[in-house]
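Below are structures written as structure tokens.
Same chain, two partners: subunit A is paired with subunit B first, then with subunit C.
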Partner chain A sequence: MTLMTILLVLLVLAGLWASMTTLLLRATIALALASAMLAVVMYTLGATIAAVLELSVCAGLISVVFVSVISLTQRKPFKDYVVRRASRLTRFWPLPLVLVAAGVALSFVHSPVQVALPVPGAEGDVRVVLWNLRQLDLFGQILILLAGVIGVLVLFKRESKDDN
Partner chain B sequence: MTIDIPQSFWLYFAFFVLLLVDGAWCMLATYNLLRMLIGLEILMKSVTFFLIVAGYLGHRLALAQAMVITVIVIEVVVVVVAAGIILGFFRAHDSMNVRNTRNLKG
Partner chain C sequence: MSHLLLLVPFAALILANLLPRSARPAATWIAFGVLALQTVAVVLQPLGLTDWSALDPVDATIGLRVSMDNLSILLLLSAGLAGMASLMAAGPGLKTGRERFLFANLVLVALIGINGISMVRDLFSLYVFIEVTAVATFILVAIRHGTDAFEGAWKYVVLSAVASVLMLSSIALYILVEGGVSLAAVTHALASPGPIPWIAAALFLCGLFIKGGLVPFHGWLADAYSAAPAPASIFMAGIVTKASGVFALMRLAQSVFADALPARWIFLVVGAVTLVVGAFLALTQSDMKRMLAYSSVSQIGYIVLALGGSQQLGIVAAALHFFNHAVSKSQLFANAEAIEEQLGTVSMDRMGGLGSRMPVTAGTSAVASLSIAGLPPLAGFWSKLLIVIALWQVGQYTFAAIAVLTSLVTLGYFLSLQRRVFFGTPLPEWASVKEAGGRLLVPALALSLITVAIGLGFPLVLSMLLGGGQ
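Let's look at the complex of A and B:
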């Protein structure tokens, strides 16, 4: 197991902790840890400037914003913690299993990848560039649109009893 | 004309998908607005990570870093504005439950 694999496992584990923990303060700390891990991964891949910005802004500034909002809004007594944790576990227990299953399934994917380079003269035509050469960008845009759809779905979700 | 991407792409892709599933689950399985923002952060981390990987494997790391810096700046703005909205919402409704957003007018 290489250093990069260990770092990526730690990154996913930090993200998993941020998702599953009951206390919002712990989730914020886990998110800062995930940012730090991502910064180390970026630095290892050679993206030093982006890594420094990720570490200072995402692990620092965003954590401060989250902690400020939590300190201004949290009024629930700590004795509710056990009840809320049990409620959360019923919704989040499949997540580690799903992640392990997805990881095992993805570890079998090894088909060769080829990326087309721009042919001379084709850069001027936006249709060729967008649809034939920059397919990875389109994939990213689809994912961002998916995140927007998820946000809209969450806003109009059905009612339930708790609000953890 | 094509270039061959090394097999390590699939390792990075697997962890990108895992982070993506994690963030999406965090957004879908909660009613707390602040926790949804944490889920959005995890989703953006996965996208940031994959942008850097795309630049690293495609030998265009400078371009990828420029895009990631833009993404981080936008991410901070989104988080700060969303946190302000959540705080205002909490002061108006004394709750961070997403179901109460139905009471908004306009």
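Let's look at the complex of A and C:
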């Protein structure tokens, strides 16, 4: 239980850092950290495949995409950064307080649901779920990726003359 | 049979991308062909030529779990019509061949999403297809680049992400308490005691309210509609936001909340607030596309209000108003594009007297405006009448009165639009303006004709809908 508490506190802190920092690179690192914490939480709860996916896709792949996009941008002068940091801190200072208040409030609520998590079996096997039970959703996921590819073409590919 | 509605557009998408660069203009016609095929198949269905009623609830041909009913058919038909109108308008509305090619691709992706939404019976699959439609639409808004386009798309992305979080949280809660997210499982969960299923229902409804642009989550809609290029706004206003937000609400009202009083009250209150706020916001606009966007917000309010009425008639009224509004609003955005193409602006302060220069645009826009305002004998009159009757049947007289009174506001802003754009003396600077080209007039004329035909042949339409209603 203690390990879980530490992990959850770290997860919240990483999320807080990601939202409050002014530097995109730091936000990306914070997000990856939050993702890594979440992966450990998932692993501790027994959802190993979800943990592996969270770690590889969210903490790994997405961070790589973010960092490569950030490397394409130009950094603002330090003076601007100081001003932005000040304005961001003024805007976001209640966020940690809200989180602490929400945490304290939730700790008074006794869990109202008694749930029995599904027993791992044929239906709990991620392969069966993906390929047999939720084929339609997999088809939808392929389409979302395809739409993403078209989006990259629309947003980033410059038009050549013979396209007109 | 119904899996073809997903696979045919998918095959067309692949085919369009296999075309050599020189043949890419054909992509628009491939997409148009798919939409025309869908429309014809849906129209012929009540005549028994293509029999979808014989479908099992689960179409097991390739394991895609889908099923169809009259509600699905209305959505498929609306999607076909709005999609064809938008592809016709893509010729004059998008400047480069590349933009038109990508537009056709995105319309096909969004169409698969919409067709999926029409037939799924599972909360998670519903979410997946709503996302398919949404991702295609973000890009449609931004397709022409520019600050406005990026701002409109960005607002849409951010609010959609919030909606996704709400919907996924709801799905997680249902899996926790019920172990499944099929509509039957959700109905069962809502019947059991405890607050969790209802908290989950509220989260999912909030997500759908954002996607549908209902008040107080309507902020993104006017920006997205007015920033998008005309063909995209025809498609979005006609069908996309309605399919991803409002249709899903209709499906839930029909299958999950059939006997749930709290949900009915949510629909009544949110619907009434949306239709009143949308109508008054529309009244204050001077940009034609923004006025049409707020008018959409208001009409979506009517559809949601109808879901709070009596069970069967409420759904039928909502579905009919859904269809009528899809037809008329696609057409009004096509009219707006015709005007923008000629004048280079959609600011109504700079228009006036265009009726004599653009008679077809003026005439068709009058038909659509009067239909949405609910004037007999046009299609919109009947659907609004049914909405009022559905509310009356369950004793919601106040909400029925709100619906009737807001119709007057609707008539007010549409008359103001007609007066400011088409009546009066033409400004000297528009002396050389002439009627728009055929690719904008044909959809406008066809959609007007549908509005008039449904209005005149309404008893037939109603008996078909009620006869086969599930």
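Here, the second predicted complex is superposed on the first by the 108 of 164 C-alpha atoms of A that agree within 3 Å, B and C clash if a C-alpha of one lies under 4 Å from a C-alpha of the other, contacts with A are read in each partner's own complex, and residues count from 1 in each chain.
In the analysis below, contacts are C-beta pairs under 8 Å (C-beta built on N, C-alpha and C of every residue); 3 or more make two chains touch, one makes a residue touch a chain.
Computed from a predicted model, the values in this text were never measured in an experiment.
Trainee: With both structures placed on chain A, which of the two partners, subunit B or subunit C, ends up touching more residues of subunit A?
Mentor: For subunit A, the partner with the higher number of touched residues is B.
Trainee: What is the contact status of A:L95 with respect to subunit B (first) and subunit C (second): first, second, both, or neither?
Mentor: Only subunit B; A:L95 stays clear of subunit C.
Trainee: Where does A:Q141 make contact in the superposed view: on subunit B (first), on subunit C (second), on both, or on neither?
Mentor: Second partner only, subunit C.
Trainee: Taking the superposition as given, does A:L10 touch the first partner, subunit B, the second, subunit C, both, or neither?
Mentor: It touches nothing on subunit B or subunit C.
Trainee: Where does A:T73 make contact in the superposed view: on subunit B (first), on subunit C (second), on both, or on neither?
Mentor: A:T73 contacts subunit B only, not subunit C.
Trainee: Please work out whether A:I150 is in contact with subunit B alone, subunit C alone, both, or neither, and reply first, second, both or neither.
Mentor: A:I150 sits against subunit B and subunit C alike.
Trainee: After the superposition on A, what does A:L23 contact: first (subunit B), second (subunit C), both or neither?
Mentor: A:L23 sits against neither subunit B nor subunit C.
Trainee: In the superposed arrangement, what residues of subunit A touch both subunit B and subunit C?
Mentor: Common to the two interfaces on subunit A: residues 112-113, 115, 136, 140, 143-144, 147, 150-151, 153-155, 159, 162-164.
Trainee: Contact residues on subunit A for subunit C in the complex?
Mentor: Touching subunit C from subunit A are residues 112-113, 115, 118, 132, 134-137, 139-141, 143-144, 146-148, 150-151, 153-155, 159, 162-164.
Trainee: What part of subunit C is in contact with subunit A in the complex they form?
Mentor: Per the touch definition, subunit C meets subunit A at residues 6, 10, 13, 21, 62-66, 96-98, 102, 105-106, 109, 112-113, 116, 120, 124-125, 128-129, 131-132, 135-136, 138-139, 142-143, 145, 176-177, 179, 194-196.
Trainee: In the complex of these two chains, what residues of subunit B are touching subunit A?
Mentor: Residues 1-5, 7, 9-15, 17-32, 34-43, 45, 47-56, 58, 61, 64-65, 68-69, 72-73, 75-76, 79-80, 83, 86-87, 90, 95-99, 101.
Trainee: Spell out the residues on subunit A that touch subunit B in their complex, using ranges where they run on.
Mentor: That would be residues 4-5, 8-9, 11-12, 15-16, 18-19, 24, 27-28, 31, 34-35, 38, 41-42, 45-47, 49-50, 53-54, 57-58, 61-62, 65-66, 68-70, 72-73, 91-92, 95, 98-99, 102-103, 106-107, 109-110, 112-117, 119, 136, 140, 143-144, 147, 150-151, 153-155, 157, 159-160, 162-164 of subunit A.
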